[in-house]
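The two complexes that follow have chain A in common; it is paired with chain B in the first and with chain C in the second.
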Partner chain A sequence: MFKRIYPFIKVTFLEGIRNRVAAGVIIFSLISMISNLIIVNLAAQDVGKVAIDFALSSFSLTGLLLILFACGSSLYRDIDKKTICIVLSKAISRKEYILGKFFGYFLTLFFVSLISFLIGILTLYLIKITHLKYFTAPFSGIFLGYLFSFIAFVLLLSVLVFFTSLTTSSFTAMLLTVVVYFIGNSIGDLREFAESEIATQAGFSPVFKIILRVVHFVVPDLGKFDLKIFSANGLPVSFDYIFFAISYAIIYCTILILLSMRAFERREFV
Partner chain B sequence: MYQTKVNREQNNGNTKKITFQNLTTAIALIFFKVSINLYTVKEIILFDNVSKTYNLGLGKKRIDVLFEVSFNVNEGEIFGFVGPNGAGKSTTIKLMLNLIYPDKGKILIFGNKPDDTERRKNIGYLPEIPYYFDYLTPEELAWFSGKIIGLSDGEIKKRSDELFSRLFFEEHRRKKIKELSKGNAQKAGIVATFISHPKLLILDEPMTGLDPIGRKLVGDLILEFKKRGHTIFLTSHILSDVERFCDRVAVVYQGRIKFCDSKNNLLKSGRNLEEIFYEVIGLRNSITTSNG
Partner chain C sequence: MKKVVFWILVLFLLPIHYINLEKSRITKPAVREEKIFLPGPFLKIFSGEFKGILADFMVINLSSYYGGIIIEKKEAIEKEFDYMYRVLKSASALDPYYFDTYYFAQSILAWDGRMPDRAIEILKIGSEKRKNDWLLPFWIGFDYYYFMKDRKQAAFYFREASNRPGASDLVASMSIIADYEGGETEMAILFLEDMIKRTDDEHKRSKFLIRLDALKKIRYLEQAVENYKRKFGMVPKDLNQLISENIISQIPDDPYGGKFYIDEQGRVKTTSNLRFVRKK
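The block that comes next holds the complex of A and B.
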């Protein structure tokens, strides 16, 4: 199957990286890292923490922008402008179309994220050698922070592909993906708070707790992949946590892609 | 005397004996089957009582697009499918390509249902509006179309070189499609469609946006593919083109096939396609009146 969808993965990747948004995102990474070099001078003794936090935050924003405006706009062209009809008229099944799109965008994300990562890590290295005393966090933790952010991008990408397979307008799909991004980033903390002693004492509604549980189960817990605090403070992350989070991402992505394939099979391209 | 026993092969100790009588019967049977195949016209496209209604979403009205449409396209012929805007031409093509599904009726392409992905290797589709991948070049688009059906890089280069050269399109082959004019984007699509040498070509308004030279070149290409035995399903608003290229023509109006006949019969009747077209859509009288 992969031999057959390889050409489609390649053209999706080429479309992704040639999109002006990809170049814009890389320029954004450069500008934010230059800003990082300036901002850390105001951070006194927290240079390392601020620099890492800023670098990982801008990397996360880079991913979100890329998914929404490069992958999302490409999907818009495919569906709203009927390019999809040309692809599906060839020897590509609808399932293969979904797989091809997902892996093509995955490669685009990987390529642009790699460049953003290199820019970020180089900046952090420069900050470290200029502020050696106040930059104590190990680079292994920073790498892990970047890796987990990338995994969150892939999760969000599968969400975008899923909504695209369900909705008739790609704009709706993009909007729903943004909603999932914001809910997914806070749902873990919200649920933790709702189930804490403080919330119970404050008279938190049990119905609301159940709703939060359901939402937490359905929406991807993107907060799990936010390791900024760990990376910035040089805190260790357990192997169990890493294993669980990566397994969760793989299972979640697989389920969403399978559901997307199923939904796409029934869809008509009028 | 007549029976010549021939030991053909020994298999597990059993000797197969083929008598002269059996041999002649077998030869006669093969000859009969070959003759039948030679004289049986293969149906490449079959539409049997196909109906289609679009449901435009919750609370919105349903639009009936096709009503019990039946026609067939035989191997090696050019079949013209004409009709005014909104008659159901694009819907018919989308049904063939499995982009939408019929509510009623049967559709067979190469004897199989349209959802057979493998069979689509033999189909080349040229859409009316050339919305291809904006950031690809015509050369990459051709590579994609060739690679999908398993052509080698060398073969793709050979075929695309020939097509780019025939369409006088070489200078644009490495430009991004979004930078091309509508006519040149259409040419990029033509190369991508013809590169796979598909047994069935579905051409939706292939001359759209082309200049007179482009139209001539594409017309030559269509006729050449017909000569090679390829089947072509052609829709066009340019009735003279349809008359020139097609062996058979169907006129669709308001979702129904109102006319379907061969070009020869059309010529014998002493009328041209334009007259029939206007008659079908009920404009004949008004045009005659306006012409005095």
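The block that comes next holds the complex of A and C.
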């Protein structure tokens, strides 16, 4: 099967990196890194923390923009221009089409993220040299922060592929992905607040707490992949946490891709 | 030709507008107490994965806000300190590990705003999270000792600080000093000398140096009062008696523009209360 979808993955990847959005995203990460070199000088003491926060946050924003604008629009182009009919008339099934698209975008995401990561690390290294006394966070933690942000991108990509296979408009799929992004990043904090004593005293309904628990279970918990505060403050992350978080991401992605394949098989392109 | 005129006009108007924009920014009132401000837990929920950077920008923005007040009118008013307290509290909720939040809580709220209770409230959040940082319990201890006169709590936090990695012997000796009466000005001098060593900001350093100068002068006068008491068995009625009895040659000037005096309890004080005296 891999032999059959390999050329398709390659075409999707090449299409992704030739896309102007990808180039724009790289320029954006370059601009934010130059801004980082300037902004860190405004920090009073914790220069390293501000620099790492800025680098990782712009990396996250880069990934989000790429997923929404490059991957999101390109998936529908095949359907709108009917090129999907040509692809599917070849020896490739609908399931393989979804799988090929996902891995093609995964490679695009990896390529652009790698460039953004290299620009970010170079900037952080320059800041560390110039502010040695105020940059104490280890680079191992920073790498982990980047890795986990990338895993969150892949999760979000699988969410986008899932909604694309279900809906008939690119706007709806992008909108739903954005909603999942916001909920996924805040659901942990929202649940923590809802189950706190302050919320109980304020009269938060137990039904609301149950709804939050269900949402937390269904929506991907993207907050678990946000290690920016750990990386920026040089805090340790346990091996168990890394292992379970990565396993969670793999299982979640697999479920979504399988559901996408199933939904795409039943879809009509008239 | 028309195009050239158009571009000349645009290039000419742009700097004029920019300068006017800058002017209007500077004349904007500094007080922001009317601004809608989301409490920490809500900000935490809405900021998603950008909690850390939001905390950074809030604290950097606060630093420039306070700097603007100092340049404009030398001191902030209560409402402005209250606004700064809320900003710092929210920043500590967003990222409780961020050191600069506590640095400003101590230097702005405790020292300049005379709100040690509020500074302590924020510092305790940091001390709980930054377990390897001795400075935060040290600052809490200092605020209890110097501002709130609560020696029991001060000694507790000094001891807590001295047990953390990197704490100097000085911290341990401060916990001992705090257990006994007296030594307040000496404590403040030791503390400020440590703060001066730590800061690279020239503006802050110069502010600390002025305060250190004032405290050293108070300490000098306190020692002279002690000498007088030993010699005559009573507290002098005013500082001029120290000159007439040849204990000191002159009363030093308060760098804040106030006048040193002896209060009813026999303590050396200044009319400036360690703040710049506004000229009427």
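Please note the rule applied: the second predicted complex is superposed on the first by the 270 of 270 C-alpha atoms of A that agree within 3 Å, B and C clash if a C-alpha of one lies under 4 Å from a C-alpha of the other, contacts with A are read in each partner's own complex, and residues count from 1 in each chain.
As a working rule, a contact is a pair of C-beta atoms (placed from the backbone, for glycine too) under 8 Å apart; a residue touches a chain by one contact, two chains touch by 3 or more.
Computed from a predicted structure; not experimentally measured.
In the superposed model, A:202 makes contact with neither chain B nor chain C.
When the two complexes are overlaid on their common chain A, residue A:38 makes contact with neither chain B nor chain C.
After overlaying the two complexes on the shared chain, residue contacts for A:77 are found with chain B alone; chain C is out of touch. In the superposition on chain A, A:15 makes contact with chain B only, while chain C stays out of contact range.
By the document's definition of touching, of the two partners only chain B reaches A:7; chain C does not.
In the superposed pair of complexes, A:92 makes contact with chain B only, with no contact to chain C.
In the superposition on chain A, contact of A:129 is made with neither chain B nor chain C. Note: no residue of chain A belongs to the chain B contact set and to the chain C contact set alike, using the contact criterion stated above. Listed in rising order, the residues of chain A touching chain C in the complex are 39, 42-46, 49-50, 53-54, 56-57, 60, 152, 181-182, 185-186, 189-190, 193, 196, 198, 222-223, 226, 228-229, 232-233, 235. Interface residues of chain A facing chain B in the complex, by the touch rule stated above, are 4, 6-8, 10-11, 14-15, 18-19, 77, 81-83, 85-86, 88-93, 96, 168, 268-270.
On the chain C side of its complex with chain A, the touching residues are 41, 44-46, 48-53, 56, 59-60, 63-64, 95, 97-100, 103-104, 198, 201.
Chain B contributes residues 54, 57, 94, 97-101, 117-118, 120-121, 123, 125, 127, 129, 131-136, 140, 143-145, 147-149, 176, 189, 202 to its touches with chain A in the complex.
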